[in-house]
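Read through the structure below, which is laid out as structure tokens, and then see the notes.
Chain nomenclature is as follows: A, B, C and D, assigned in order of appearance, with residue numbering initiated at 1 for each chain independently.
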Amino acid sequence: MAKPKVIGVLTGGGDCPGLNAVIRAVSKTAINVYKMKVVGYLDGFDGLIENRWIPLDYDTVSGILTQGGTVLGTSNKANPFNHPVKRGGKTVYKDMSDRAIQNLRKVGASVLVCIGGDGTMRIADELADKGMPVVGVPKTIDNDLPGTDVTFGFDSAVCTAAEAIDKLHSTAQSHHRVMVVETMGRYAGWLALYSGLAGGGDVILIPEIPYSLDAICKTVLKRSRSGRRFSIVVVAEGAKPAGGDLTVKQVIDDSPDPIRLGGVGNLLGQQIEERTGIETRVTVLGHLQRGGTPTPYDRILASRYGEGAARLAAEGMSGLMVNMRGNDIGSIPIKEVAGSCRNVPPNSPIVRTARALGLCFGDEVKTKNQILAGTF
Amino acid sequence: MAKPKVIGVLTGGGDCPGLNAVIRAVSKTAINVYKMKVVGYLDGFDGLIENRWIPLDYDTVSGILTQGGTVLGTSNKANPFNHPVKRGGKTVYKDMSDRAIQNLRKVGASVLVCIGGDGTMRIADELADKGMPVVGVPKTIDNDLPGTDVTFGFDSAVCTAAEAIDKLHSTAQSHHRVMVVETMGRYAGWLALYSGLAGGGDVILIPEIPYSLDAICKTVLKRSRSGRRFSIVVVAEGAKPAGGDLTVKQVIDDSPDPIRLGGVGNLLGQQIEERTGIETRVTVLGHLQRGGTPTPYDRILASRYGEGAARLAAEGMSGLMVNMRGNDIGSIPIKEVAGSCRNVPPNSPIVRTARALGLCFGDEVKTKNQILAGTF
Amino acid sequence: MAKPKVIGVLTGGGDCPGLNAVIRAVSKTAINVYKMKVVGYLDGFDGLIENRWIPLDYDTVSGILTQGGTVLGTSNKANPFNHPVKRGGKTVYKDMSDRAIQNLRKVGASVLVCIGGDGTMRIADELADKGMPVVGVPKTIDNDLPGTDVTFGFDSAVCTAAEAIDKLHSTAQSHHRVMVVETMGRYAGWLALYSGLAGGGDVILIPEIPYSLDAICKTVLKRSRSGRRFSIVVVAEGAKPAGGDLTVKQVIDDSPDPIRLGGVGNLLGQQIEERTGIETRVTVLGHLQRGGTPTPYDRILASRYGEGAARLAAEGMSGLMVNMRGNDIGSIPIKEVAGSCRNVPPNSPIVRTARALGLCFGDEVKTKNQILAGTF
Amino acid sequence: MAKPKVIGVLTGGGDCPGLNAVIRAVSKTAINVYKMKVVGYLDGFDGLIENRWIPLDYDTVSGILTQGGTVLGTSNKANPFNHPVKRGGKTVYKDMSDRAIQNLRKVGASVLVCIGGDGTMRIADELADKGMPVVGVPKTIDNDLPGTDVTFGFDSAVCTAAEAIDKLHSTAQSHHRVMVVETMGRYAGWLALYSGLAGGGDVILIPEIPYSLDAICKTVLKRSRSGRRFSIVVVAEGAKPAGGDLTVKQVIDDSPDPIRLGGVGNLLGQQIEERTGIETRVTVLGHLQRGGTPTPYDRILASRYGEGAARLAAEGMSGLMVNMRGNDIGSIPIKEVAGSCRNVPPNSPIVRTARALGLCFGDEVKTKNQILAGTF
């Protein structure tokens, strides 16, 4: 296969710290090492379908390493295989993947680097199946992509969440309060787990370990009785009760105005205050976790991913996603990872560490030494 | 009047960065300069009524300068003139102010330094009227106490809010979004105004300038049409519509489940998205604004207030609140400030500056040069 | 006087956080409110002499509010009245002020906004004397310009220095060490004083209060004997000994290789370690204090200054520098401020506060209550 | 072997962010999971020799997770096998290891957890050889301990250094300057490499790749000629010239006053300015890199190490150091790691990534595609 002369790049899915660092590294590597040109499609796959792009040269990517967001823009819902088109006042969905590939050919791009999460990887894989070479770069603040030890953006999101928990500590302590902090994490609890551990949380609730309101309140009350002035409850937005307790969905289905409930954080806030009688406040971190300058860790990881992706692209590879194993950048077939989710194993060492430090996961776990939950 | 030998100190009302810096400065000054002792009452006026206190010596206050919260604890609702007492299963409210004063006499305190906001100042004033010498220190992240240029805690809250707005910028820009950020500020808009200015917000909504949804959406749409990819709307929790639009209260009164509405931020998020068709996301900063280590500015201001309060206390003064005018620490009778609120004058120079920079306040203002709102 | 149609802007002297915020505010105000155009000269007065400039429109100034440095570049030594010109292999200095004014006329600028410190104000004043209208904006991280309560950049520099002192605390405490931190401040001690107060320093040495090595070491030893594990000495680069001790200059004059001595921080580090026997480490903060994103306080101050300067410029004023008094932006004739320095009065209230908190200024001060230095 | 009832803990060597997080995790795990007691020796091995210790219970370790430094104190030079003792006015060095072990027996400690770097591991190993069970926890901001992917403290130091480089960027850019930043790293260049990559440095000089002044200046001049306004040179304190250039040692040996030279950063600053004619400024980060609150990454890593060490200790293991491989905490015999240094392999993937991004390592490297240094 002849060496490609042009690399196309796009960023898909939700915003994430480090996107610009990947874009910069792909571009610099392609230009420096492989004497290639790089074009960046605007607003994710939408720009690819609509042939909107900018050249990515040294001047364009200069100074973007530390910037949050993506200079290319992104789109949450864009999909060349299912693109909304207006037809006589109606919106119909059409397969525009041929046009997307034509647009790449038009600018001479022989390969497309797709920076994104699971949704983006799935689309990338389909494009590869249609004969368009693609290389993937794993991005998600949730850290739930399989096939890699870590995704870029995660460390930055953990920092934002942990810093928020640090701030709430002082308020909780001054007022004898329970502070509930809701982090992102619809399917996987990595962000809640890591930020809870780093922020010194007392209870961590993640989708992988269904919680019991009883266990949570026992921990809160035990802390209160033993003279601790506060408890910090870190809850992933996807956390769910184990059995007897109401889910957010149930409360929503039961509510005439579901949009207002918010999420599990607000629900727990009400429930904990009612059951323990201790004043409880809720903070939903929301989009703060996606924004801001990436941490040095993420800048380096994103740069390494970007260099790796440019190398794979320049060498004519396709259908691979760059990944990190230990300290090594490598790659893995996108097919092996697309469509699945890397969850927190409930018995993983880091959960055991958290339990050893006295954290409660909202369950009641017996170990050979003791019932861990609610015990310290 | 003989020099007092013991100073009592307490912190009242909501948590605020810099409380510990005041406690430290009062204590160090009293010990160093006036050879006095200091006792700190726990959990605000509750500790005073219940005679719970700790000695504040060099070791107690060492290292607390940079800590958020208050080592003394605080209470939002405590009031010696209206203290809840259990009587035969019921809660009745009693005047315990005599006991509070007795408790002060018991430890030899001839003066009480009250660090707090408007509520605390009112109680302090009543105690002074009963013959108990008091000195006040103005605290509020809202900066809405009259009689002083600035309260400690405000700069720290502005920093937290501005940093959040900085983070949301990248996400807004990457996704073509409107980002609504709700700050604290029930009665006064200083925090929204300053953090909006510092964070480069596009629309700032404050209680002092009733907003029109039309004006907001015009600004948002004009920005969108002129190629700006995003708009940042900073809204104080106490912002209210001017006329035709629904208030949060109306929506709440209309709702079978008012607790879930949240506040004006969520309401505006829905309304702006509906009216403009641009994806809109809401972040409610909440208690993050009260927490965290104080900024250097607040550490210095709080230290100066604390030193000033200790000096007034040592010199036998009463009924005064320390204040800041320009660069000078002075004092003002508590009576002149208690019970009133310092608002943002709608025509103040800093509002004019914000308008000149192109910010929209949700109104439609004609100046001699142009209609300012929604124009740029 | 007819309304000016074009405003020229330049930034002079050392780098300072907030320069871009002023540039942005001048430009936005001029465009929004006065329908004027703005041109920005590159690299300070050098660009003015050499007619190098860029137009400052909405797109140019968009997004620069939070950036450190200056998008226009600056020059420390440029001076149109004394400009170096190569003549036959030699450098001669010529008065190029006529050309500078011609260049302004060429682009239609009827006024020049000069953002800078004392040196820049002096040049601005000379240009005004030659008939070229100028407006000044006071900039210096040293906060030593007279005629204003505060200069922009100071709060950011204090934050950087205080944060560094916070970091050094942990190391000092873990190791039983004296930590000497040298801040900027050749003539005035505001930066050392404020960051020392905010960082909880133990000794603060400023140019305005000559120090005695004896007093410093007494304080350090007294702390050590009373069980404090560390001492933090914050020293302005311009601090000088009172009498018996060697100055940096004397040591330099005595040294065959003066450039290597560094400054007063290193000298004190050696002297304190020798005299007290306590391990001492020195950190010279240097250019860190000039860099980085401005604090919210400085972004607002700079924006207010910029709006004020644009207003004065648009109204045909000249020879004025914008200033801050209390919370009010106003102006003052440049003539009244150029060439003088605002120092820390040794008996100012804030120095008294610092002494009351137990800080030592390296002197031995008797008050009616006690000898303050070295006493606590 | 019977289960140990008491664990001894100490921190040795230089200060490092995360020490308190390890102490907390060891203590909480021992108390929660193994029902053991923990004693903490003060000031490293000095406290062990002199039998100075404090009990580490829940209250002692509460709230220290986020604090920099070590609540136990540390000592750089303490060594029970070589302890200084005053004898008739002289200092002689004695083997006090028997007493150290006796002291451990006295408090019932059957195992000692040593948190430290290479020096501490060597002493720990000797104690193990004498029959005293020990468990090691790898600590160093230099990240140069073999046997583990990463040491705690490194991420925090990288953050401090990268943040400083971020700040210097704005100043460099505003003034057309070269900024030299000296980081720690006497033997290994990890800190300079990672912070240089994260901060967007242009030249990175590490001990493992000897530099040529020529190559550095070529890169600086090439950047200047191509319109880049600045260059950032990040240099590890242990970086050395390849051949023709003077070393710091040579300049020191040649200097009548060696202490004043400072280090390689200052030397390079002078040399680069002389050779390129571009204004150059030097910042030596020094002890800032050891201080401050640990990053979330380090808090988690330190907590995991602490839990792992407590587990090994409770299970009666000895002679092992906990380590990290990929995402897994494990252990390795101290003997295999003590006394050696983990360096940056000059051909490691991350160096290749840095070169691909255009960074210069001060050498002239030919690859199959191009001469990399000084090329972009």
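Keep this in mind: a contact is a pair of C-beta atoms (placed from the backbone, for glycine too) under 8 Å apart; a residue touches a chain by one contact, two chains touch by 3 or more.
Predicted model only: the values in this text are computed from it and were never measured.
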item	value
Far-end chain from subunit C, centres as C-alpha averages	A
Distance between the centres, which are taken as Cα means, of subunit D and subunit A, whole angstrom	31
Whole-Å gap between the CA centroids of subunit A and subunit B	34
Interchain centroid distance [CA atoms averaged], subunit B/subunit D, Å	42
Residues of subunit C engaged with two or more neighbouring chains	166
Pairs of chains in contact (touch as defined earlier), listed by label	A-B, A-D, B-C, C-D
Subunit A-facing residues of subunit D, complex	24-25, 28-29, 31-35, 58, 63, 65-66, 149, 155, 158-159, 162-163, 166, 194-195, 197-200, 295-297, 299-300, 303-304, 307-308, 310-311, 325-329, 349-350, 352-353, 356-358, 367, 369-370, 372, 375-376
Residue ranges of subunit B touching subunit A (in the complex, touch as defined)	11, 15, 17, 19, 43, 67-70, 73-76, 160, 164, 166-171, 173-176, 179, 229, 255-257, 259-262, 266, 270, 281-284, 286-288, 290-292
